[in-house]
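What follows is subunit A paired twice: with subunit B in the first complex and subunit C in the second.
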Partner chain A sequence: MVSAPVQMAPPVPAAPRGRRLARWAPPVAGVVAVVVLYLAFKDTATLPHDDDARLFHHLNDVRDWVDENRNSSPIFLFVLNYIRLFVADLYTALQAALVALGWPGLIGLTAGLGWLAGGWRIALVSVAGFGAIGVLGKWDASVETLALTLSSVALSLVIGIPIGVWAGRSARVRRIVTPVLDVMQIMPTFSYLSPIVLLFLIGPASATIATMIYAIPPAIRITALAIQRVSPTAVEASESLGATRWQTLRKVRLPMALNTIMLGVNQTIAAALSMVPLVALIAAPGLGVDLLQALARVNVGAALVPGIAIVLIAIVLDRITRAAARPRARARAVRWGGFALLTVVGLALTPALAQEFPEQWEIQIVRPINDVVDWIEANWYGFTGFLNDAVAYGLLNPLQNTLTSAPWWLVTLAVLAFAWWLSGPRAGVVAAACLIAIAALSLWEHGMETLTIVLVASVITIAVGLALGVGAARSRRFAAVLRPFLDAAQTMPSFSYLLPAVALFGNGRFTAIMASLIYAVPVVARLVEDGLREVPQTVVEAARSAGSTERQLLWKVQLPMARSSLLLAANQGIVMTLAMVVIGALVGAGALGYDVVAGIAQQEDYGKGLAAGVALVLLGIMLDRITQGADGRRSPHKKRNA
Partner chain B sequence: MGTAAIEVRGLWKIFGPKADRIIGSPDAALEPAALRAKTGCTAAVRDVSFEVRPGEVFVVMGLSGSGKSTLVRCLTRLIEPTAGEIAIDGQDVRGMSPAQLRDLRRHRVSMVFQHFGLLPHRRVVDNVAYGLEIQGVDKAARHDKAAQILSLVGLQGHEDSYPDQLSGGMQQRVGLARALAVDPDVLLFDEPFSALDPLIRRDMQAEVIRLHREVGKTMVFITHDLSEALKLGERIAIMRGGAIVQVGTPEELVGAPADDYVADFVRDVPKSTVLSLRWICRTPEPDEPLDGPELAADTVIHDAVPAAMASARPIRVVSGGELVGVVDRVDLLGAVKHQDAPAAAAAAPGEA
Partner chain C sequence: MKKLGLIAGVLVLGLSAAACGGAKVEDNAAGAPSAAASGSAAPSAAGTVKIAINGWVGYEASAAVVSYLLQHELGYTVQKVTLNEEPSWQGMESGDVDVIIENWGHDDLKKKYIDEKKIAVEAGANGNKGVIGWYVPEWMVQKYPDITDWKNLNKYADLFKTSESDGKGQLLDGDPSFVTNDEALVKNLKLDYKVVYAGSEAALIKAAKQATDQKKPLLMYFYEPQWLFNQIKLVKVNLPAYTAGCDADPKKVACDYPPYELDKIVSQKFADTGGKAYDLVKNFSWTNDDQNAVADDITNNGMSADDAAKKWVEANPTKWQAWMPK
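Up next, the complex of A and B:
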């Protein structure tokens, strides 16, 4: 009886060998074809960089026209200039208010908010964090940064939360908003600095708006998600009692979504703070200015101090908003009483302790840090220099030479084929179109240089992230050790990873790679770990009971079943790497990122900078589509179920 | 329309694209599965008509997917019906403006939900007072009323708790109190107790019976549990595939099922506890003595046993003072024996 089903089973088709050949033949043939074509057409149809490309001059002309008509064209006169004035006033008012509180008042207010949100621990973190900023001697610049961050966060929330509520309620709005947000989040932050400067000039208004563009997507996304997740029965119960839409929104949907929306606020603040050094490029006041100047002089100590100040602000605001997202434990009177008490004590101390943070309390740490950096340079150079050279000569230079010496049509064709194979025809066409557009922007060579760094950094990032994620998914102890590091890494503003990289490796492309590694690995590792953990326990048990080894379990069950998470991890890793590599222009990683910086700094380079911003967006969309489409492509399993 | 509390005529609800075109077309006669395959539409409620008398407990019973939850939501247009007429207290519900509809929901019809639908960020008292709050009743008055209703459902002392601090049964009492607080004429229950443990469910059923006696509201009660339907319902409508198969008293359903589906449903019900003497009495034999005990025709068979034990003579079954027949010990034993055979299986409440 036992053997009966086996005999009954239809004969296994003898096709597997043929099918395997068919499955692997096209990619292999493609690679061979690309190599042959490269060797045959090397150094033809290349697009070397030209700083005097016609397009750049045209864009300069556009800039000149805008500058001439800024005070006469109706769109500037009646719309854009008013927006600029309003945003600038908002910043000025907030900054004046924070200064008027005095440092004891501001610390007291923050501690009060910390108490209100999460109790004495958070209040203590607030006092310690903001106190440390004063001790570091960065109080005034920090207040400016805080004012800029708060004004952009306020605008993001005022605009983002209603849009999010709307998107949460209406599938149609969601379909419109989601792709826009997707593009906003792929866009490297540098790319929209030039157009914003064109429209709103340099200064706090532009800085606030640039920060807002980067910070608003999480506010909209998370609000929409929170509203969608509100229990439908509660909403129905409210409607069944005759509530109007507005009553249901105000009394049921918003209160029930509030905790999740607070997480959106948290993410919005984090995003805003990571823009601080970038908006300093367009004359935003605050800590970013000190940071940029120090980076330009490769003065690690002087860069680290404002960097630490921003991280401290980030930690304090993160802890407060994160605590506020949790359900309340204390009685209302105790919470508000404590808030009032701490704030009043702080304000009362302001006249006694003076407006300025007392100089005698400040500690100078620039010199000791630089001593350490010098020591590292002197003693570790053998190691860091070797790593730097190995990556530069072993990976970056050969890849860059290949990409820039290959004909542009061959690179485009190769990308088209690769994207098609990985993510389907649509992704292939979009990716190829992006590349052609970069060529049309006269930025082919710089684009290829940036792409080189991104590719190398992505490969390293994904490999490390995959290893850590698999390790964490398989060993609880390893996960427990790793988790606090990943948590901490996700709280930090992205640019802060540049600083340790600069300390170790000096300026250059390798520093950008290391920084993107620190930036993106935590996210990749976490997505991989979560994906593997989400594999149903019953399937794992079934595989174990069938006698799989741990290795077989991983390769035959867990990794294939976590396919979509792994692809998402790769996608996120690449997009984040691009963002970081672009910021790496601040530490000498050159190429498109540097073109943007130069375009803002120098009048005659404006056109090139603007074009480079667009090229960065195109590069981002290309990399995203190549990897994201793979997730959207219908696997045979999905098709069968549909 | 008549004096019924709720009157439903030819009600349809079809989900899907261009649903309104299906009604009146030949497609409307298709079985739900065939309709979905052909048009992509799902007919959840198909040509349903019934009346609920004032003060009656009307149970709609059916398996999951039979359309009963959609039907109850159509009554106050929480789900917009596709076609048909609904009248509550003689007023046409489908023709109401949004404001009139809100007024209906605020003052006259309220609902109790399967998953409670309580607001976790509000205290129990504020949950119960929610309906009054959206009517604009001031805080002191609505809290007074809420406290009064909470003691009616046995939750006094829990005013300041939050819903997640209560057990499932207590949470549903809050849901019930919230529905009662607005003092509606009609209460709609959408499978209110199916998420509860069996023992708690029994308590809550008793609670509903008690409340019905005390406040005398019209109730429409949705359930998939036959024993619950028989226990609570004065009349029961059985739904299948969106249509009502039979409406009747428990006795009518058990004694004269309209089709095999209903018969299959009620097969395991111990008939002697549902049917009355009317169903088993016979015309007396010529030589039978007619001086035995007298019982009303609507006496449940089970309840006639003590009388039969006390007297060996046949029981005289009367209705309206007139003799309709007799039942002797053999008839009674036969009714109890044959029809109670599968009683053990039906004793446990659950999915019938």
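Up next, the complex of A and C:
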């Protein structure tokens, strides 16, 4: 859904020499000033970490109050507990229904839906995809994951579409909703697990709600967009014929927006599926449990299988909803007839075939994968260890020492100045405010440690993504080879990437960096490639005929003209890196992510975990504002991807 | 906020007829009477038992054997819920967990959930003796004989430096959710060390194996019962001796871990309505060697937890028959 508009770069003014000097002078002066101040005030006004901070105790007290009043406070008795019961029932009902269909019935139904949406091709994809899940031996867990996904998607749509319709029709609502959605999408998924557990306890209900929070923004955004795009003439025609507002909405606006809204459904499902494995941390059933267990056992093969199962579910649901968003081709009777036929055949097979997916059809791939990993581990140890140490001693440690030994006001000032220079005064103030708030949460030092990992990881991610994107944009063949890898890497659940990284590099920050590299590079590479491809061919031709070499063409023409895509790529890369680095706490990357994990797992650390969750959101907003503003200031027609 | 209002509106409308007194957390269909015991002998007709699975293989071994017996001897369905230690107790409140088969102390949780909330009850010791401590590979003790006294740890801190330990010595811990006082110990004993979390039991084991094979220095948090001790030698470091109550305040601990009598915790509901399943859980008790044998099969012999349990059950009929409800 990335629609970066084609933009012509503004003609470079032939500025006089004096002006040009002025352009690079302020940043250089700023850097010099920061360095001088750092050397002068090093080790003063630092904010070392204190596990015993008063705020954490206050938050613990809040937790204790909630724990004691869960069954007596009216908020719980009449609102929160009902929400929890309702969501739990929804999940249980869906899960029971899917299980009752039996595996042939579910495959038949999915094939029927595929046929209904897009014909025999999609039906075939559905049968192959869900069949493959059975063959991998993950049927039961996949059904639980599917039920969890569907219940959170259902909730997202029931709540999100009305809000989206509202936002689509009222600019004022849109102004309120948009920043909220921005924050929801920047928030690292990890950070809101503990407040949800506090309100709704652990289990499928809170897992569904957590997933919903992550999945609802695209539903709202795309619905709003779809409603906005409905042709005003059609609406006027309808109103002039005397239709009420409700009739206009139901008979004109919604049907005309339906295809776009289906794309929203598609995005919502994708978001839900990427969150679903993570909620296994709060006792959600399904494939995430297998992933967590594999992580605990450092068993790469065992993690890959549920990872592939999730990719398969994602592919099937994606193809069906994507096809449903396209206009229909066949006659209504044929489509529904085929749907009914396939579903009935599946259901009819259910009693005939075994209840469980037949074991003899399953294949074992765990062992061969682990053999490969063991071999790499045994033979590449020197290399991986060297890489780990080089990054840790060469980049991570010096940067972390600098950030934690600098006075807090200097770091804040530097960020303020940098954000101001890059993205304007507003971004600067927001970024500085976020940093001060992190200090107020008593989490300065851990915040700086997380920032260190994110910065190093982002630089590596963006460099690799840029290289791959440029390569793909310049060679069709390379792009064709790269594409399936990027597709797969993008749909795999984010924390299945921790496993190969742990196996190769052991536990620590570098492992988190490697995992975030795998997670974020596909998106960066794709945005870069799309941006470069959108540079008008005529401009490229003109540059060539003027005698540019390939290198000049790339650096002087293509990259500058694709700047808005590149900035968007950097923005997305950084936000995704933050999300992954936080999850990296599961494998010893420490800092704020660890505080969140510990907050879920240890009573006395609850307050610290809650505060760390908030600090992560602030860090995310800060990084996003700094980079996104850069896009906004220089191109007035910026569009955030949905 | 808008969303919440919306949900709340729908819910209040839909459910107000059903119950006017408000909903308590126990009123949960998903967590409803989980082990409704009936006399029927048909498989899975007896009810469902939800057993929490904590993140170390010894725990899994105990849970596997109990599950196997519940399923094959008593006809229950067992649902394994993978959870950390503390969330497992919360799971008893939400109805997602009936049984914790290996509990390590947790006096604070016992106070909260057993004494105050009356959600959980103790179901007796499971026979395993737990030890938690700091360990070094055996070769280090041969090379530096006085390393096993905590007072000398600062002298050797340089040996344990890694890229992750901030220039101090590294004390490698396991999963952040495991029972540990290590950060407080390092601080209160004024040790020049930093606690680094490996993330899991498997990561600790891997580190121990590497430290032994490649003669790399390692100081780590570890525990018994543990199958690894049958394969490689690790030596425990002596911390200031444990005395009753010296670990009362988790932030001020400056003494060794207590010896643990590992026990079983079940939800109040399961104790009341669990029937034979509850009796079996209450009677279950075995030795560290028993647990290590099953854990070893799961980890090193490529068996599933269920197969390893089956093997042990078939080899030790007299032991498990004593646990069967009369």
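Everything that follows uses one rule, which is that the second predicted complex is superposed on the first by the 515 of 642 C-alpha atoms of A that agree within 3 Å, B and C clash if a C-alpha of one lies under 4 Å from a C-alpha of the other, contacts with A are read in each partner's own complex, and residues count from 1 in each chain.
We take it that a residue touches a chain if its C-beta (ideal position, glycine included) is under 8 Å from a C-beta of that chain, and two chains touch if they have at least 3 such contacts.
Please read all numbers here as calculations on a predicted model, not as lab measurements.
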After the match on subunit A, would you call subunit B and subunit C a fit or a clash?
fit
Is A:Phe339 touching anything from subunit B or subunit C once the two structures are fitted on A? First, second, both or neither.
neither
Please indicate which partner A:Tyr497 is in contact with in the superposed arrangement: first for subunit B, second for subunit C, both, or neither.
neither
When the two structures are overlaid on chain A, which partner does A:Val298 contact: first (subunit B), second (subunit C), both, or neither?
second
Does subunit B (first) or subunit C (second) touch A:Tyr214, or do both, or does neither?
neither
Does subunit C touch more residues of subunit A than subunit B does, or is it the other way round?
C
With both complexes superposed on chain A, which partner does A:Gln247 reach: first (subunit B), second (subunit C), both or neither?
first
Return first, second, both or neither, reflecting whether A:Leu85 touches subunit B, subunit C, both chains, or no partner chain.
second
With the two structures placed on a shared chain A, what shortest C-alpha distance in Å links subunit B and subunit C?
30
Once the two structures are superposed, pull the subunit A residues common to the subunit B and subunit C interfaces.
none
Okay, in this complex, where on subunit A does subunit B touch?
231, 233-244, 247, 251-252, 255-256, 258
What does subunit C use to touch subunit A in their complex?
2-4, 6-8, 11-12, 14-15, 21-25, 27-31, 55, 57, 81-87, 90-91, 93-96, 108-109, 112, 163-164, 166, 175-177, 183, 196-203, 206-207, 250-251, 299, 302
Touching subunit A in the complex: which residues of subunit B?
73, 76, 78, 101-107, 110-111, 113-122, 130-131, 133-135, 175, 178, 182, 188
Listed in rising order, the residues of subunit A that touch subunit C in the complex are 51-52, 67, 70-71, 74, 76-79, 81-86, 88-89, 91-92, 159, 162-163, 197, 201-205, 216, 280, 282-283, 285, 289, 292-293, 295-299, 367, 388-389, 392-393, 396-397, 502, 506-510, 585-588, 590, 594, 597-598, 600-604
